[in-house]
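In order of appearance the chains are A, B, C, D, E and F, and numbering begins at 1 in each one.
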Amino acid sequence: MEILDKISQPRFLDIPTFMRLPYLPYEGNYYDIDIGLVGVPYDGAVTNRPGARHGPRAVRDASSLMRMINTATGVNPFEGLDIYDIGDIYPDRPFNIEEALESMSKQFKAVHEAGIVPLSCGGDHSISLAALRGIASERPVGMVHIDAHCDTSEGHLGSKFHHGAPFSNAVKEGLLDPKRCIQIGIRGPLNDPDLWKFSYDSGMRVITMQEFESMGINYVKQEIDRVIGNGPTYITFDVDGLDPVYAPGTGTPEVGGLTTREALSLIRHIKCKDIVGGDVVEVSPPWDQTGNTAMVGATFMYEILCIIAQGMQSG
Amino acid sequence: MEILDKISQPRFLDIPTFMRLPYLPYEGNYYDIDIGLVGVPYDGAVTNRPGARHGPRAVRDASSLMRMINTATGVNPFEGLDIYDIGDIYPDRPFNIEEALESMSKQFKAVHEAGIVPLSCGGDHSISLAALRGIASERPVGMVHIDAHCDTSEGHLGSKFHHGAPFSNAVKEGLLDPKRCIQIGIRGPLNDPDLWKFSYDSGMRVITMQEFESMGINYVKQEIDRVIGNGPTYITFDVDGLDPVYAPGTGTPEVGGLTTREALSLIRHIKCKDIVGGDVVEVSPPWDQTGNTAMVGATFMYEILCIIAQGMQSG
Amino acid sequence: MEILDKISQPRFLDIPTFMRLPYLPYEGNYYDIDIGLVGVPYDGAVTNRPGARHGPRAVRDASSLMRMINTATGVNPFEGLDIYDIGDIYPDRPFNIEEALESMSKQFKAVHEAGIVPLSCGGDHSISLAALRGIASERPVGMVHIDAHCDTSEGHLGSKFHHGAPFSNAVKEGLLDPKRCIQIGIRGPLNDPDLWKFSYDSGMRVITMQEFESMGINYVKQEIDRVIGNGPTYITFDVDGLDPVYAPGTGTPEVGGLTTREALSLIRHIKCKDIVGGDVVEVSPPWDQTGNTAMVGATFMYEILCIIAQGMQSG
Amino acid sequence: MEILDKISQPRFLDIPTFMRLPYLPYEGNYYDIDIGLVGVPYDGAVTNRPGARHGPRAVRDASSLMRMINTATGVNPFEGLDIYDIGDIYPDRPFNIEEALESMSKQFKAVHEAGIVPLSCGGDHSISLAALRGIASERPVGMVHIDAHCDTSEGHLGSKFHHGAPFSNAVKEGLLDPKRCIQIGIRGPLNDPDLWKFSYDSGMRVITMQEFESMGINYVKQEIDRVIGNGPTYITFDVDGLDPVYAPGTGTPEVGGLTTREALSLIRHIKCKDIVGGDVVEVSPPWDQTGNTAMVGATFMYEILCIIAQGMQSG
Amino acid sequence: MEILDKISQPRFLDIPTFMRLPYLPYEGNYYDIDIGLVGVPYDGAVTNRPGARHGPRAVRDASSLMRMINTATGVNPFEGLDIYDIGDIYPDRPFNIEEALESMSKQFKAVHEAGIVPLSCGGDHSISLAALRGIASERPVGMVHIDAHCDTSEGHLGSKFHHGAPFSNAVKEGLLDPKRCIQIGIRGPLNDPDLWKFSYDSGMRVITMQEFESMGINYVKQEIDRVIGNGPTYITFDVDGLDPVYAPGTGTPEVGGLTTREALSLIRHIKCKDIVGGDVVEVSPPWDQTGNTAMVGATFMYEILCIIAQGMQSG
Amino acid sequence: MEILDKISQPRFLDIPTFMRLPYLPYEGNYYDIDIGLVGVPYDGAVTNRPGARHGPRAVRDASSLMRMINTATGVNPFEGLDIYDIGDIYPDRPFNIEEALESMSKQFKAVHEAGIVPLSCGGDHSISLAALRGIASERPVGMVHIDAHCDTSEGHLGSKFHHGAPFSNAVKEGLLDPKRCIQIGIRGPLNDPDLWKFSYDSGMRVITMQEFESMGINYVKQEIDRVIGNGPTYITFDVDGLDPVYAPGTGTPEVGGLTTREALSLIRHIKCKDIVGGDVVEVSPPWDQTGNTAMVGATFMYEILCIIAQGMQSG
């Protein structure tokens, strides 16, 4: 397989595309491929520390550490599948949040209509709403969501759209089936006792760090299976679901999160064969002094890629 | 509640008081409030890396991440209690360690006499002695002490006072009841086989990392309950009790410490209703390249605040 | 003078207000004072690296290094003037750039109407437009502008407002008299040969780094005198006017800028007695690994304060 | 014991020899001592990020934190043993990898022939081959190997020697008995499904992170006992066996590794009395922004020293 | 012009090719273009701190700050010329310095034979020898060389090739005409009083920092004109020619070097129309905490590109 | 000369003594040598940011960049002189400033009585007083003093000794002849208009940055000659005399200082043959993210060494 030549070279060589894959950006249309790794360098929806717009470049650079075979699961995602770096999605008018989301949604739609399953690298968490608008307009999908925050809040600072509200909006827009959504790693002090109310009321399965610790990881894996089943499912990985020592480079860190080993184990467990897309978001390089967050971001993109691929390969 | 307005704003706004609380520093006397968050930027007693004098500013800045409700325990510490940032305690004559401690002790006394329970942010660990002199002169108190070091050593470098000896001095001064003291997270190589002797001989309960790992965290929680009971108790949290990856910004790091999740679980467990004060010490910003130590310091101040508050609220 | 007590204490003590001045934020109205130091933590208009929203906190912290008397000029700005930290100006609706600017403009108007001369700390350079709307609506003012960029460009990315266009908009809105504006330190490669056209066409005096070097600093000082004369004048200092080694923590650095000594000399030279306001902008802490940019920002706030004050003191 | 005087001084004093031990470098011959701590600042065999040549200086500096008594195990390695810092081993001709290894091998031979058990600080992992050539030419030895990588690959980039192949070469050269070798912490995606083949085929016991997690640490300890028995054994600790949060300063990090507590527990468990040498490798200071990797490196050198010493002391 | 579309986008978008130019790497042969920007990520010849292998990626990333028109000189290098990022040159056998240089020399030869003028980004300074072998085998060329070191030393550590000797070797191989070589910025303490002897004896013009300061920059510019004349000339820019505050990210820093403004002025002065190639070397990202070195590297690549281009455009 | 062997090795090798000189620490007495490089890791007298206690180790490490011959002046300080690293001077009782100074003074006395000219590496500036007590008790000496601050203030925070007052105390103790003292680089805002009064009143020559710039460096060199003449003279170099971009790692930075090139030129100019000692102080590694301050410190130690040596060599 040709990809091997490139990714067996020294990691510091050449242009950093995602995982050193060939680069096939949008040029009037997208190529006909299976999975597209796409950067979404938009952070106009953050409420605290900005910088995630620089995430895709940093993750692309770090992703040269990724290789062909997932030794933990045996999956080779490149086996029989066309996987490319398809460039960046970025809004025409980034200074207006509604227009920005609309613009990115259209671009995700084009990816989806080209038959490409998108695996995005944010950008802030608002980009998941744009991705879901592109992917899930035909029918609501389920979701595995690793994060410190539910991201199902109401409007904030005069806007119903922001990086703390993509999934309440997605449910309201009919893009997510809340009964098939599971949120893991939730924690941190709140101002409003009702902030997680939308998640609970809509029927999402919320697993706080307290429940995670008291019930154990195997129980959580079973809950993932139970909640998402085999229907179409989106995987979204906010790096702040991890403890800040693993992912300091992010905008809204919360002490006391998942370890990378726990999160790897959760993602690798996913058995659903119909993964319609995924993302890794909130990697903010200016706060990532050691570069570990970018490396973690690249690693989880690879792990989610393996899950998407094994579904396709088994199909 | 008015506090909510302030702490629901973007976190980068305005002056960084502790947890964005109103600022009521000493001005001839202290106001009549319930709990006072106080900075103690003194690091004249360190034996290795200095810098903890810059701790209070860094922790105040990071503490804007804190919010109202502890979602793990349900506690809202601000419910029915007057909690303020009461400014800094700092010695008049910092260049002489004995005079410095004496000066700070008097200031803590004034806080105590104003009926305020102090929750301090150091500074090095010597400030706990000053705090105990202010709080515990009426009767010895118990202590939950998380740290890599027992801090009960003898004199060093020509001084009986230094940041490795606050608690031997406190016992000798009648401020601590060693039978009601528990020290958790103790580790690291020693020069003197008798360095921990004071702790053992005086009857403190010393839980090394080896015992922590072999007996398990639930056992340790039971030991906390058993040792401190319901009497008056001080909580002191040296960030070097954590592994250095969680708290690199400290003066005497020791590899192999507690995780933040373990420490959160220990603090949240404390059931004693009579917490007479607390502190978070040894946050040293010049060694805290990622800012994680300051964020951890702010988080643990919040968690200790919740413990103090729930005792008062239940009273 | 009372201020002396505070600013002669150790610099790491207490809450970091600007220059350790008393804190008098807006509470329904502003107090009646002479000069107000104000944070404007808005960076929603940047086109490259974000982070200037964190500028005011970092500059406030660094500004504890500032003291009473300017030993280079002999000015004591606090002599006979009421100078305070008046808190932050921040938009209600930060996610929409037009609304954000409008909101900040109103707040600057309130400062101005309270008779306070504002000296702002950004935030990105778009905040200067908001400040000028607050200050200069009665008549256009002149400007001393130190920057790598003219910031007089046209619309970009679908918005006529952004941090590269405050001064073309200000001229169009009648807030600046371009004939009384001088821009110093201009450099860097351009995409559009006409990008500086607005500055030239409107009659601003543009001094590129090439002209600065070939004509010498004394000539530039004479040009400042000649251009601004004695009319009402605004001083705006973008830290990227300095070479990036002096101010790495900024969003759009350009190699080959002013040294701090050159910029200090330029600011100290200003003889105009009618300075209506000023700002230091584009300090972006997440890119300021050494903290030097924040310290430089604080230093230039102090120097501009001295210029404002000496005009008032001589009045 | 005289050593105590030195290592009870403040840690920032004097010249940083390993653990503040007396310095007895090679001067025509080596002194007659028991254990020699030796720096090997060679990184000419790395395939990704260089910098481990700066490891020995950084680890020596950090090792001032080490002290006399291992409080976890009770061992005092300095009791009855002559332990010194014996300086550095460095090749005459570093620009040619084969000559470099040959030169270092001869120097290790001289250490061995002087009756000194070497405990090395790399440098990259290729130095283990040089050390084994010096120590194990009489008969093959066993090995406890903690690492993310098996380091038993074939030639790469035109060289059969590089930092990913010391142990396949060592087996082929008759220096290691693969049946008595155990590799722990192995993980990370691979390009070649057969990359670990040499380890498996030769009979090494490979414990991946997946097996480590599923079987548990006590099982792994039993496997160490079973595999190495009581024969002559080398201990090699590549800091990338740890998760990158504990050891960011290394050349080939892999997310999802051992915690320091797990690794400490493994090393402290080693019961074999015949440890013929050991090393800590791949500490790369230019990537170690927090200095934690150097501190971890020093800590594990101390722990391995205790294991070597307790074997000698019991002999 | 098509290039404008790309380079007027936000700088954080898409794949970082040099200056956001189209990417046309070697694929069996090179395309027929005018100037090729090429990465040479080889640092196997350094004698002190490694890391320059990571230079090309960092400089490519920073080079997104570059734009079309050089406002200092008016040059638009892209006007009428085909300029591309032509990928990386890297040796097949990096572990042997002689083979590595030979391999890179052949690749530079292929660039040259395709009619492309190479502008390289190192890598260490040994790559200049490889470039000269590719470009100058027909006849010796002149050189403008900015550096702290003459790089004309003899063999070191058993190798006649290393990053301190490319130009003595180039003279001996008939690639450089020493009478047409000028070296500027030379400084730093030496071990061997004869270390610069080759430069002097062969007739190179060596301008130390002392001479630079005493004679002034205009004199140095005249010397450049005088020495290189109008013959074929290579421009090599070692970032350590700058003072370390401008370029901390390098392997052999020497205090007291050129400012970026001085160096910009020198490069912009070059009037020779026959520039046969150029390079910027010794950018070492792991030591470049602020990223300023990479930005400086990108800036000087752009300035050298303008000099090369204006020669071609005038031809 | 034997020293050459050591200092021509790769710079990362072996134990970092100052300039890789042989190490001859005090062991009951000092050896009989000419010049002793000595670390003084005491920072108990700082008033702002601590950390200079870590200066000697960092400067020793960086000083491996130094070599034999000063190419700017032609001096080889090692020619005919015995120069060694004589270890550290550190107080027995560091927690009491008066006792600490007394203890260090005695140790400097012992160096002086052994006939060694000390060249110290601080530590904070209070160590100069200890050095002068050791060197100058026989008669007052002159001084070349490069610094941002006069360091001749009165008592502060309850102590007449602190790092802002060594030279007022030295004059009062009869150790300095103020008429033969010159202070260069003075700047920064003051609280007390009389803070520099002692310098002026006692007759020291104070050259502020304003005077430095307006009169020019050649005038300042003449003033050095005029003030110190040929009498016994001490050279003290506080790295905060430099602009903070050159020396960020220091405790009391002031924007707008000397460049390294200016300071090199000043030191190299010193013609006095009777230099009785010197120091480089206030290098504070925890604030020195790039390591440039340590490198600058090492460079200025070398330059002062050359001045001391050329006096001795000419004698």
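Just so we're on the same page, contacts are C-beta pairs under 8 Å (C-beta built on N, C-alpha and C of every residue); 3 or more make two chains touch, one makes a residue touch a chain.
Remember, predicted model here, so these are calculated numbers, not experimental data.
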Chains touching both chain A and chain C, listed by label: B, E
Centroid-based (C-alpha) most distant chain relative to chain F: A
Relative to chain E, chain with the most remote C-alpha centre: B
Repeated interface matching A-C, over half of the contact pairs identical, chosen among B-D, B-F or A-E: B-F
Computed distance of Cα centres, chain F from chain C, in Å: 38
Distance from chain F to chain A - Cα centre to Cα centre, in angstrom: 55
Where chain C touches two or more other chains, by residue: 10, 12, 49, 53-54, 94, 157, 245, 287, 289-290
Complete list of chain pairs which touch one another: A-B, A-C, A-D, A-E, B-C, B-D, B-F, C-E, C-F, D-E, D-F, E-F
Parts of chain F lying in touch with chain C, wherever the complex brings them together: 47-49, 157, 186-193, 196, 208-210, 213, 243-245, 248, 252-256, 287, 289-290
Sites on chain F touched by chain B in the complex: 43-45, 49-51, 53-54, 92-97, 99, 157-159, 161-162, 286-287, 289
Complex interface listing, chain F residues touching chain E: 4, 7-8, 10-12, 65-72, 245-246, 260-261, 264-265, 289-292, 295-296, 299, 302
Chain A-touching residues of chain E, taken from the complex the two chains share: 9-10, 12-17, 23, 25, 39, 41, 53-54, 56-57, 60-61, 85, 87-88, 90, 94
